[in-house]
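Remarks on the structure that follows.
Each chain gets a letter, A, B, C and D, in the order it is written, and its residues are counted from 1.
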Amino acid sequence: MTVDLTVNLGSLPLKNPVMTASGTFASGREFSDFVDLTRLGAIVTKGVSMTPWPGNASPRIAETASGMLNSIGLQNPGVEAFIEGDLAWLSTNASSTPVIVNVSGHSAADYARVIERLETQDSVAAYELNISCPNVDTGGMAFGTSSTAAAEVVRECRSATNRPLIIKLSPNVTDIVEIARTVEAEGADAVSLINTLLGMAIDANTRRPMLSRVVGGLSGPAIKPVALRMVWQVACALDIPIIGMGGIMTAEDAIEFLIAGATCVAVGTGNFIDPTTTMKVIDGIDEWCRSHGVEQVTDLVGSLEVSW
Amino acid sequence: MTVDLTVNLGSLPLKNPVMTASGTFASGREFSDFVDLTRLGAIVTKGVSMTPWPGNASPRIAETASGMLNSIGLQNPGVEAFIEGDLAWLSTNASSTPVIVNVSGHSAADYARVIERLETQDSVAAYELNISCPNVDTGGMAFGTSSTAAAEVVRECRSATNRPLIIKLSPNVTDIVEIARTVEAEGADAVSLINTLLGMAIDANTRRPMLSRVVGGLSGPAIKPVALRMVWQVACALDIPIIGMGGIMTAEDAIEFLIAGATCVAVGTGNFIDPTTTMKVIDGIDEWCRSHGVEQVTDLVGSLEVSW
Amino acid sequence: MTHTEHPFVEHVEVLSNVRVASGVGLLSLTAPRCAATIRPGQFVHLRIGTQTSNLLRRPFSVHRAYGQTIEILYQVLGAGTLQLAEKEPGDTSMDLVGPLGTGWRVPQNTSHALLVAGGLGAAPLGMLAEQLAEAGIATVVAQGAPTAERLVARVLFDRVARRTEVATDDGSAGERGFVTAVTARLLAAEKFDVVYTCGPEVMERAVIAQCQERGVACQVSLERLMACGIGACLSCVVTTKSGLKRACVDGPVFDAEEVLFDATEIPPKH
Amino acid sequence: MTHTEHPFVEHVEVLSNVRVASGVGLLSLTAPRCAATIRPGQFVHLRIGTQTSNLLRRPFSVHRAYGQTIEILYQVLGAGTLQLAEKEPGDTSMDLVGPLGTGWRVPQNTSHALLVAGGLGAAPLGMLAEQLAEAGIATVVAQGAPTAERLVARVLFDRVARRTEVATDDGSAGERGFVTAVTARLLAAEKFDVVYTCGPEVMERAVIAQCQERGVACQVSLERLMACGIGACLSCVVTTKSGLKRACVDGPVFDAEEVLFDATEIPPKH
């Protein structure tokens, strides 16, 4: 039995549902010693902004129970350097894998400007708007925690491109469905769920925060239950596809997200623990489908049986 | 060196800052084989409602990475049975430990009625209003995720008692500080942070949720970073004391909460892992203070140094 | 044989850990205090790892207890029992909370007992079989398993029971078929004062129905997911005629006629 | 000696694990591929446990490499190194990602080198000392530690270095005081082509200042918290004259004059 792993992320066909989570895979180059980049469903780049951003002061990470905090703060060399560097490298070295550029900005116009600059680049398949970064002072999560602000960003960006527009939502909200509905109404083609939970760690001995920015984003297995819940809630309410993420370490984790209603999944923190995680997840989904008699991976999507 | 472990939770003096988290310690009786109840700072009972509540269908718990989900749903025999059973037992067997009754309701009036019924009971030291239970359909978390609804519950209850009123807030909100400010303005004497995060777990093999209610509350070490962050945010903004909880397993965890700004701490899931956790946390705080030259535990409260 | 001894936390040392059937291990632990106080049908709540990733304790029946030793029969199913299977003699990293729960009760004037075990359901029946034998009560054991390789506690039951009858799904040991066919025959042929049963819930329900039909007293040990194990968390509820009961303190052994099996109670899926 | 070999994931087996100083262990691992390719100053990113509770890998310099073996000197500080200390010979549960990072560079025409090690800073200098000796470069080692019991790698340095000078805070070995007093004297008395230093960041900064004063080339190995270890996460940044660099790929060894030590870079607190 061969399993059909292909999925459609809106209008974007992918060879399998497994992508990389922004900021955890750079643009793939660093992983090319461990991973066959052409096997990935898609590569989601780290956050790209119009101008270079320096990120936050160190320490920028801390380990927590089954998770980690980060306050990297979207350090990136800006869109020009991105086009010349990572994007050029990707179109030479992994041209068969769709590249989704994760976009950051301090204002709605900022996001649109990055997209406008990238519109001329053939190797960009889609955009993911990060309106949920807890690690920048202006913008970032503020856009993802207010429907009005989220709508504004999506509107500006929607008018800047016909390419698929994916909105990455923040889990730090009272009502994820409300925000998801808003961005869908503004023309989003898909949503990514979830970005990191806002958290904090303290070193009791020094009475200092473990991160110089005090708070940071929690990721890893610890947050999987919250991520699964939000994917399920949004899948029940919306029609556009969902990219599910948050603590995916194994194929079984990924399958749980598909069952909850995600069309695609992304591996984030898992890349740090084992740089070959994405390959293991792809192989594992294939194997799991085979041993469970699932012929098409899309049959899993949203297949949760909730009646007891 | 002897360490002064006493703290004041508003007008309520406690012999130490260590309490039990509601719903994880029953009313203490079940733990009396393992714990000297008279050594606890306070006992917070499980949720008590006006009438008996049956709770949710089984399965009601699931294990997750460094955490657990529960959807118990506030099963309790109602306030009358509580008074005759647990409360009577406590006033005979642990009369020197303040009893804080955790109150549940389906409406603001419901909460107030439970309080009115308990006002005649001398052995009640304070009330904790659970406006953050993710496991009931009517009320529960709905009160804790809207400032208007939270205000209404606090207002009704405030007019029903002069005893200390503690409000237990939900972490499933965009802005915890806003809700905390609201309940402070309505006359709350303290806030408890945090109740469980709304989460979900799926059994990939059966394609079913692990909980019959589908979603449940995430607790344990996994949520500690979120809890610490919220305690710190609220401590920076409010004047009333905070009871910090979420993943406390050791004295060091507890000290982190004190440093973040909590006046008291509560042990929840930790009671299940080791029924003597509360005693170890009390002893450990004492020891830690001694070895760090801290003469009064209150010196730790809010002592986080955030400048790098 | 009801729950009277106060439970405690006891550190344990692994004495031995051997595979005794397909996917099943027998763990012998040095736990003197527990060994001295545990009663048939009671269980211990075992902390398997010290890491937080698998946070909760796991409940296991005590299969046998003698001297300073308790024995646990465990089936390798998930994260916890996988770790258990790797424990080596000398390991001192685990502790237990126990003895917990209300065990099997022997009604006055019992002279004939039937024990019905399905798969690992044999675990909590081991101590009981031994104590019934000591008390001079004639005991018959009916035991089922999918295959011969999955049968456990054969030696113990053969040693202490008057008779044992085995059924396997594939006929690789004893007769072919379900153990409930054996019990139907036994209940028709002999008079038992009490039936004790533990196994998959479908089997338990069938045995209970057979007993009720014939008016034979029946006790059943129920499995529920347990967080605290000591009655505080309400994760392990069982619906009974007298309301919701906690499997960890009011059970795991219940009088069968007390239990209201209904759709809201889904046993753990293995 | 720059980073050229492509890194890989390699399962390792514990060959031995012995205490070599107060709070310090020496772990010998069978890791043939890594042993064959690692260069002085590079590190491996070690997965210590398979549980998720301590999620991240931990970076460790390779102290020595020979045959199929790599040696790691580790200080017991927290959750990860506590688990490391419990590893027994034969353990096969760990894997490494490596070889990682850019190691020490030996400038053309180097004939005299000074190695300055503070505490566990001796770890990444072991392989270097051996290779300098093999290359016939005269090497002096200045080594500091709080007390004699905290000194590591004494035998190695004594074997391969032309001379070693030791300072301890309490005078329990070598001279009393900081190693920076030793280096000040050495730099005044002798001409070195290059100074290599690793240790607590305050010590490193002092050594760098001494080198800059005398115009001696200096390389420094910097410690940063690392999540990925391969350049992707940007958790390990170091501010340099040419912008933010990643300690895991552009370092951990940097030319001292390149590094801009400033208040935004707080080294891990031990």
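Everything that follows uses one rule, which is that a residue touches a chain if its C-beta (ideal position, glycine included) is under 8 Å from a C-beta of that chain, and two chains touch if they have at least 3 such contacts.
This is a predicted model, so every value here is computed, not measured.
S.K.: Mind listing the touching groups among the other chains when chain D isn't counted?
M.R.: Once chain D drops out of the picture, we keep one piece.
S.K.: Which chain is most remote from chain B in terms of Cα centres?
M.R.: D
S.K.: Suppose each chain is reduced to the average of its Cα coordinates; what separation in Å results between chain B and chain D?
M.R.: Computed value for the inter-centroid distance: 47 Å.
S.K.: List the centre-to-centre spacing of chain B and chain C in whole Å, with centres computed as mean CA coordinates.
M.R.: 36
S.K.: So, what's the distance in Å between the C-alpha centres of chain B and chain A?
M.R.: 34
S.K.: Which chain B residues reach two or more other chains?
M.R.: Correct list: 57, 65-67, 206, 212, 220-221, 308.
S.K.: Chain C: which residues touch two or more other chains?
M.R.: 52-54, 264, 266
S.K.: What topology does the chain touch graph have (line, ring, star, complete, other)?
M.R.: Looks like everything touches everything, fully connected.
S.K.: Under the stated contact criterion, what part of chain A meets chain D in this complex?
M.R.: 23-26, 30-31, 33-34, 54-55, 57-63, 65-68, 70, 72, 75, 203, 206, 212, 220-221, 249, 269, 271-276
S.K.: In their complex, what parts of chain A are in touch with chain B?
M.R.: The contact residues of chain A facing chain B are 57, 64-67, 69, 145-146, 172-175, 197-202, 204-209, 212, 214-215, 218, 220-226, 228-229, 232, 247, 252, 255-256, 259-260, 288, 292, 303-306, 308.
S.K.: Per the contact definition, I'd like the list of chain C residues that touch chain D in the complex.
M.R.: Contacts found on chain C: 49, 51-54.
S.K.: Can you list the chain D residues touching chain A in their complex?
M.R.: Going by the criterion above, the answer is residues 6-9, 47, 52-57, 79, 97, 224-225, 227-235, 237, 244, 249, 264-266, 268-269.
S.K.: Under the stated contact criterion, what part of chain D meets chain B in this complex?
M.R.: 52-53, 263-264, 266
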